[in-house]
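Each chain carries a letter (A, B, C and D) given by its place in the written order, and its residues are counted from 1.
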Amino acid sequence: MSIAIEFIDLHFRYPGGVEAVRGVSLTVSAGERVAIVGENGAGKTTLVRHLNGILRPTSGTVLVGGASTRDRSIAQLAAQVGYVFQNPDEQLFASTIGADVEFGPRNLGCTPSEAAARAASALATVQLQDQAGLHPHHLSPSERKRVALAGVLAMQTPVVVLDEPTTGQDARGVEIVAGVVDSIAAQGRTVVAITHDMDFCAEHFDRVVVMADGLVQADGDTRAVFDQVGTLERAAVEPPQLLRLAAHLGWHARPLTPAEFVDASTREPRDPGTRVD
Amino acid sequence: MTQAQFVGTGSPVHRLNPVTKLVALLSILVIVFALPQWWVSAIVVVGVLLPAAVIARCGGPLIAVGGRILLPIVVVLVLVQGLTFPGGRTMVWQWGVLSVTSEGLLFALNVGARIVCLVLASVLLVLTTHPGDLMSALTEAGMSPKFSYIISSTLQLIPAFRSRADAILLAQQARGLAVPRNPLRRIGVMMPLLGPLVLGMFTDVEERGTAMEARGFGSTARRTALEAIPDSTAQRVARWVMPLVAVAAVVVPLVWEVL
Amino acid sequence: MSDQAPLDTRRSRTRLLVAAGAVIVVATYAYLVVAQPAGMADSGTTRAGLIAMAGYVIGAVLIAAGSIHQLPTTTIAMIPVAIAVNIVVGQLVAVLGLPVYLDSIGTVLVSVLAGPAAGVVTGILANVIWGLTLNPIPLPFAVVQVVIAVLAGTAARIGVFRRVYLPPVAGLVTGVAAAVVSAPISAFVFGGATGGGTGAIVGAFQAMGQSLLASTTLQGLLSDPLDKLITFTVVGILLAALPSRFLQRFPFAREHRVVTTAPLAPPPSPSE
Amino acid sequence: MIQLADVSYAYPDSGRFVLEHVDLRIEPGTITGVVGASGAGKTTLAKILSGFIPHVDGGQLSGSVVIGGRDLSGLPLAACVSQVGLVIQNPFNQISGARYTVRGELAFGMENLGTPRDEMANRVAEVAGLLRITDLLDRSPYELSGGQQQLVAIASMLVLRTPVLVMDEPTSQLDPAGTRMVFGVLSRLRGTGTTIVVFEHKPELLHAHADRLHVLAGRRIAASGSPGEILSDPRTDQWGVSATRYTRAARLAREQGLVPAEAPLPVSFEQAAAFFGWSARTRPPSPEDAR
């Protein structure tokens, strides 16, 4: 079961007076993998916090599965939009990992056995299945972040929002998170991720939204968006390493992954010294 | 930012050494409680506290903060003691079973005046003294620097912990937490809310302890201070005179009664 | 009170300070309750308020000054976090709409894990922070925190937190003690009017013929025991959910086996 | 100079070793990086270097830890702390909160050690200048960005002028801007003679700033070498160490026979430009490319 999400001329002003989102209209259809990038303070988190009702629009509307979020509580929206927060220590509470991951499904009304089954499969997805009996605080910080991810995956929501999933993760942790993003999308569910890791973004997201000053500056296919050097510079966003290198070598191709880069290197013209800075 | 209510107007009262102001506060409390008649408190409020507030240019905040604290207390005091004061005998007003006694009202007046004086004096100190200066001055006067660390860092941690509590609530609601209607099952909801707060506390404690040791907090060297606290001989003299006046306020009535 | 004195005289000095403080508090309470100053009945022009205030505040200051020197840096670093938790727990509890404040969970946790001395300093300074930030009224009640911390630490030492049904009992006892100890301040300093709701209850008891002190004591007995019962119960649940990694870092908790943790794993031998 | 010999350690009540037979040698005045998967024992090694293990965390430590010619296990914590400054991962907890301005926070450590007032003022000004945070001195430490707070945390250790500075994943919680700020500080510290040991994940920045890298894997030092050698080593995946996309693309090109097998793999942007620029211009890379 997958649903679309839509922002219609969304404005949001914090009580302190700062207008963090200044008119955003955006549609994400079911099954899409969208990365939202931009400097801190660009309005990324403020935007996605409207999806599960944490924030309510100052003006404009947010549709999840066609219905407005205005008249539904966070707990109700939680059945459709799973939200993985940046800091796992602000949600892990149970004395074992398994019990914590079952918290979401139990709240959605799953029977204890079904919740346990969902938790087991979610922990397997993040490769923590054999630590289910451990206390969360006996794990390393990056493993705890994966427990929090499993806690939302177990709710099997049609939309999953990830806030900085790779921050504080080591190499293996990033690979596991990447695998999760791919598997969620493969099931036809929608993934919306906020990230600063441009290489992770290039390799695992088919659409990128660049935000700055509370507005969408660019939105489209990953390859196309990362080619708009001017827009990226204004939004203080560094393009992925391989794209920067390809441009520097004067290639026409815009490779997103190492494999694409090597493939492109065989086809690019071999004229010496054509270096475009 | 700290949670303290400090209002930095830079007035002469602000520039006083915090210990002087603290000694003044304590002396006023002793005097007001040693001479428990209501007019003593009234004189202190009108003669000392209000002028000081005007000089310190924070009369407005004093009335606002003081008022918010005092209003419910004074109203309740007058009602409760007026109507039900145990020693009440001479009826002043009666309506059905309710009767207000003059002794009750006098008791409420005496106690109320003292509470007003106590609250206004403390709030004035808090409004005119930055907690950092108060702590540095007390440490210089011999208080253990561990107190100064605890109070200052707590004041600055509270805003961060408030936002952490909000974040925990949001995170659990985002996982479908809804507060059950019947109170008994609400206790079950306690763990998902308090658990992260307390568990997070231990991680902080481990890191903060390490950071404090790394900064020589456990050292037994004679501590120094980067900022000097303003002081003057006049204030040093005042810090001896005021307590003497307070002691006199306690001793004189006792001697008077004996004679 | 600088830290230069050699260790042994410092240790004896801290015990002296704490003992002196305790004696003053007990003497104050005894005088006010037992001696029941005669002039109380007329117009509140007695010195009971001064005695209550001076005795309790001086006592609390001495106990705090004595206790602080017994605490190592890691425990000192814990206190600000515990006080912040104390103050912020109310924010989360408000969501549950329970008729309690639960504003001493941090104090009890510190007493149970790091010992009564640490709990005493946490409780007293939590009161001072309250006075500096919101409202000076709780300041004279600082000594009530001493009672809560000492009882919590003692309960932990005798193993109350090893059984899930014992903490509520210890909480009840502590709540009663807190109500009794705070009554003189509430009566003689504030005339029973420390807040809107509490004042009304005191009035009701006085209307039934109780003295001011008896009324404030009874009012305290209506609210404090329930609040402390839930506080101790919650602390018991939280302790059971703590990983052994956190627990074994507190010598007091380890020494008195405050929470039954599995016997310590034997140290490994390095592989060749 | 830092010298660890056959160091093994197990946390109390854990029953298993986190580090076994670790040998490590760090030259004075250098910037050394230590890489390894999360949970490989990086924080543990950082605490051993700074004396917090065993003095604070307890547990079972064997082997010798010699810094500046003295074995830490024999010294009281106060002496260790004067030798080695430790910057922890979360700047929020490094900041004591005992003072209300950055200036006061920087002086706090020196006040505890009884440093004379004017010397404190000089050192605060000097370190603030070195780290370019002079304009933050009068602001509250709690109103800064993550990156700025981490600079304040580093400065608060630098003012104590410890010969060694250990940094445990200082940028793990920062965004790219904050990360660049912190690593930028490293290059400016090179001239001060302080020996710096950084535990981090970020390959491109380690390659740019570290003189030498050590890999922590399998509870011991699995490899040591220059950043170029370590970060292009085929075993990085097995060590749980992240390689740059340049290295990954170059390794793929080598596996597909597009470049000679012995060609050293690039780590940085410049090296990769030369490496793939070569593939376009059919010229074998010169040795100094593989710094």
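The working rule: contacts are C-beta pairs under 8 Å (C-beta built on N, C-alpha and C of every residue); 3 or more make two chains touch, one makes a residue touch a chain.
Predicted model only: the values in this text are computed from it and were never measured.
Can you tell me the least number of steps between chain A and chain B, where a step is a move to a chain it touches?
The distance in steps between these two chains is 1.
Touching both chain A and chain D, which chains are there?
Of all the chains present, those in contact with both chain A and chain D are B, C.
Considering only C-beta pairs in contact, identify the chain pair with the most of them.
Answer by contact count: the chains B-C.
Suppose each chain is reduced to the average of its Cα coordinates; what separation in Å results between chain A and chain C?
Averaging C-alpha atoms per chain gives centres 46 Å apart.
What is the distance in Å between the mean C-alpha positions of chain C and chain D?
That gives a centre separation of 44 Å.
I'd like to verify one number: the distance from the centre of chain B to the centre of chain C, where each centre is the average of its C-alpha atoms, in whole angstrom.
Roughly 18 Å separates the two chain centres.
Listing for chain B: what residues touch at least two other chains?
Each of 131, 149, 153-155, 157, 160, 164, 168, 191, 193-195, 199, 202, 204, 208-209, 211-213, 217-218, 222 in chain B touches at least two other chains.
Two or more other chains touching the same residue: where does that happen in chain D?
Correct list: 56, 89, 97.
Any chance you could list the residues of chain C touching two or more other chains?
Residues 74, 80, 241, 245-246, 249.
Along chain B, where are the residues that touch chain D in the complex?
For this pair, the touching residues of chain B are 1-2, 130-132, 145, 148-149, 152-157, 159-160, 204, 207-219, 221-228.
In the complex of these two chains, what residues of chain B are touching chain A?
164, 167-168, 170-178, 191-196, 199-200, 202-203
Under the stated contact criterion, what part of chain C meets chain B in this complex?
Result: residues 1-4, 41-47, 49-50, 53-54, 64-65, 68-69, 71-74, 76-85, 87-89, 91-93, 95-98, 105-106, 109, 121, 125, 128-129, 131-133, 135-137, 139, 189-196, 199-200, 202-204, 206-207, 209-212, 234, 237-238, 241-242, 246, 249 of chain C touch chain B.
Looking at the complex, which residues from chain C come into contact with chain D?
Spelled out, the residues of chain C in touch with chain D are 74, 80, 244-245, 248-249, 261, 264-268, 270-271.
Taking the complex as given, what residues does chain B use to touch chain C?
3-5, 29-30, 33-34, 36-37, 69, 72-77, 79-81, 83-87, 103, 106-108, 110-112, 114-115, 118-119, 122-123, 126, 131, 142-144, 146-147, 149-151, 153-155, 157-158, 160-162, 164-166, 168-169, 179, 183, 186-187, 189-191, 193-195, 197-199, 201-202, 204-206, 208-209, 211-213, 217-218, 220, 222, 250
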